[in-house]
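When the chains are written out, they are named A, B and C in that same order, and each has its own residue count from 1.
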Amino acid sequence: MAEALLKVAGLEVHFPLRSPFLQRRIGTVRAVDGVDLEVARGETLAIVGESGCGKTTTGKAILRLIDPTGGSIRFGGQEIAQHGTAALAPFRRRMQIVFQDPYASLNPRMTVGSILAAPFEIHRIGQARDRAERVAGLLRTVGLPPEAARRYPHEFSGGQRQRIGIARALALEPELIIGDEPVSALDVSIQAQIINLMKRLQAERGLAYIMISHNLAVVSHVADRVAVMYLGRVVETAPREQLFFNAQHPYTQALLSAVPEPVPGRRRSRQVLQGDVPSPARPPKGCHFHPRCPIAQARCAEEAPASRIIAPGHAVACHMVTP
Amino acid sequence: MIGFVGWRLLQAVPLLIGVSLIGFGLMHLAPGGPLAVYTLNPTIQVQDIERIKVIFGLDQPIHVQYVKWATGMVSGHWGYTFFGGRPVLEVILERLPATLLLMGSALSVAIILGLSIGVLGAVKRYSVFDVLATTGALFALSFPTFWFGLMAIFVFAIELRWLPSGGMWELGEEGSILSLIRHLVLPTMVLALVITATWSRYSRSAFLEVMQQDFMRTARAKGEPPAARLLRHALPNAAKPLIALLGVELPFLFSGALVTETIFGWPGMGRLFVDALNMKEYPVLMGLMMFTGIFVVVGNLLADIAIAAIDPRVRLR
Amino acid sequence: MSATAALPESQIGRVWTRFRRHRLALAGAAVVALLLASALFAPVFAPQDPTLLDTALRFRAPFADWAHPLGTDELGRDTLSRLLHGGRVSLTVGLVAMVTTVATGALIGITAGFLGGWIDTLLMRFVDTMLCFPQVFLLLVVAAFVPPTLLSISLVIGLTSWMEVSRIVRAEILHLKEQDFVAAARALGASRARIMFRELLPNAAAPILVAATLKVASAVLMESYISYLGYGVQPPLASWGNMLTNAQGYFDTVPWLAILPGAAITLTVMGFNFLGDGLRDALDPRLRMDP
């Protein structure tokens, strides 16, 4: 089998904590602390976790919007974790992003037309005249009328704005789109429309997605595979069915038990986690999850568990799980 | 607190270096550079100038010159005036009391008036008084100081003959307090106008902000009378931005003093500056630039320390 | 520098509604329009050449003679003509200085705010340092060094008054650059220059426009200060500042010669100040200060 489209290994994003006066380094925020991920062409990987677990930072680091402090990012077989601005330019065409907040992600002082023409201008694609046609084409693809190009973002609803955001991400015909909670700011009725649009585009264009979300209901609709993150680390990765019906990591189980059951009467026991998520500036020793884990043993406080494959495509980082 | 003062002092250092760099740069920008007085003098030959250059160290690299000049500044050697050859620092310090007197009296008047207007406006927000005061402040801010001064001279000195039109003392009355006060009234009024306007605007918004805080409502719930609430709770909290304003406004105060002193022939630093300008006394000009620059840095430093003394939170920031 | 062009129509409507409520701002706008028109058409409106001397007609009082509606000065020059032409000069200096101020301030502010790090520290310490000097001092020293032409005066005023603008722009950019549309542009591979000037700068248009308006007022004031002290616009070219200097000598006998140019300066400064204040309230409710 050929190498995956994206292969992330040991990704680290550490932010220095500085003292207010002399800017001395007094600590480190380990926002992303050794993350391994793989995405194949045309598939959807969902990254789930509570807010603050590092999933958005992971996404932005993969796109090199945030500089990783360690680890490797291989895209299409090439290492890009250390690339400078110029070397990154060709990869910018191949990876794009759709943001959570459709109000902040579109420049309020630019028309939709100039927002969508920007990718072509930046990469010097086409002439001014056929750029207008390309923009119209993009708008049609996401289900908006070409006349929308003359208007400003604030004249559109949240769902329409998100369509514009998707159109922008599509402009350069990327192979991978990272969706950073792309529907969580929208009304529930609109969420389905946007998800269906994204699925249709995936089917038509063979796109790969990384869907970053805290909403397991959304994830269950779109994901082929799911990675669960806790405090900067991936604790479990599995194909969708495996994860939803055979979760092994105690954190994944707790997360799933908090989701309302779609079939009434089929109740699962509800596990409520004790305590709060610790600060990523001072993560617990050993397994990051051990202070809140219902089945933690002495070993969990000492030694960070390595990720082990327990079934095809199913990896868990937990000492207490045996294959 | 000591840590904060130390930290703030440390921050003032780059500012002082910056001030000195700009001052040094301006001196070399001056036509003829630091030797202008000699180059402009026809009796001095070119070779003499070359010799003077060597004596003054002007043939040395620019950074060496800067270090020498800056060391001189620190140890109080600010150079000598072209005309009369007096030490520049001495000439400036001679004029300092007059300027401080004028600035002090204008600032006192402005703070008392501006603060009262601002507080009253904040307490009786949107009243006729408040609207008139805020509009009036905007008008006052648009008044060119020198024109206001001329008009004041015209009305009070020429038409009404109530007050003298300029100077510090009547001839033969030098040292008389009464004469000094009579001469001080008009310049104070003129200089205070704009500052009063600024102060009324800032104190109004500072008090409005404080009065919306929870602790003001608590004080009211406890049944404290309005005057006590204002004095005990609002004033200390509104004082911080106002003290900061005091520091920030210092350069404007100097600018205003320069114009005011020129109109009223007030023998202070501003007047000295304009005279030095007219006589191309570059050493004095540079000295005055440096002096005001340092004055402002120190003024802001003191304002910050005063704020930290009032508010312990600032120290931890 | 057209901020309104970048504003969508409905926003212009909202801004206009807020602006209209501000009576003084409307008055300011009217005064500014009137001043600009009179400066533009000064040669048409002026009864005669502002430099024409007529020693037989010295110190005519205003309203005494239809040939000289506002009287004549110590050399018999027509005061109205000199006021109109002087206004032209003062406003030109004011506007050119404003453009210099805004261009310099915006460039430094956006560079410091966007690039951050040591560049930001360095530029902002430079701003702090410049602000330590009283502007009139700085202005006069530099003005005394350079030969006074209209352009040099404008540039000197502009280059000694950009610091506030750079602080305003920097603060705005610091807030804007964290927004997702900037991240989107970076993800597309946009250059720093494109992000700074195409994406960020138009979004800072409102505070820049307000600052620009207020800066015209202060530049007119500064021009009059230095002209009054003899380092600005040189005779025979009339400016309001040097008209005042001349008038000061005859102050006790013919006060109107000083009153008129002074009133013109005051009116101009007020007009732009009120306009700027109204624009601030209308464009940027966050910066609001007065009722």
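Throughout what follows, contacts are C-beta pairs under 8 Å (C-beta built on N, C-alpha and C of every residue); 3 or more make two chains touch, one makes a residue touch a chain.
No experiment lies behind these values; they were computed from the predicted model shown.
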(request) Kindly work out which chain lies most centrally, taking the average of its C-alpha atoms as its position. (result) C
(request) Decide which interface, A-C or B-C, involves more C-beta pairs in contact, and give its chain pair. (result) B-C
(message) Centroid from C-alpha atoms only, then distance chain A to chain B, rounded to Å. What do you get?
(response) 56
(request) Give, as an integer number of Å, the spacing between the C-alpha centres of chain C and chain B. (result) 23
(message) From the mean C-alpha coordinate of chain A to that of chain C, what's the distance rounded to whole Å?
(response) 50
(message) Quick check on chain A: which residues sit in contact with 2+ other chains?
(response) none
(request) Write out the stretch or stretches of chain C touching chain B in their complex. (result) 24, 125-126, 128-138, 140-142, 144-145, 217, 221, 224-225, 228-231, 244, 248, 251-252, 255, 258-259, 262, 265-266, 269-270, 273-274, 277, 289-291
(message) List the residues on chain B that touch chain C in their complex, please.
(response) 14-15, 18-19, 21-22, 26, 29-31, 125-126, 130-131, 134-135, 138-139, 141-144, 146-147, 150-151, 153-154, 158, 201, 205, 251-255, 258-259, 262, 273-274, 277-278, 280, 285, 288-289, 292-293, 296-297
(request) Mind listing the chain C positions that touch chain A in their complex? (result) 6-8, 10-11, 179-181, 183-191, 194, 198-199, 202-203, 205
(message) For the complex, give me every residue of chain A touching chain C.
(response) 60, 63, 65, 88-89, 92-93, 95-97, 99-101, 104-110, 118-119, 122-123, 151-152, 154-155, 165, 168, 172
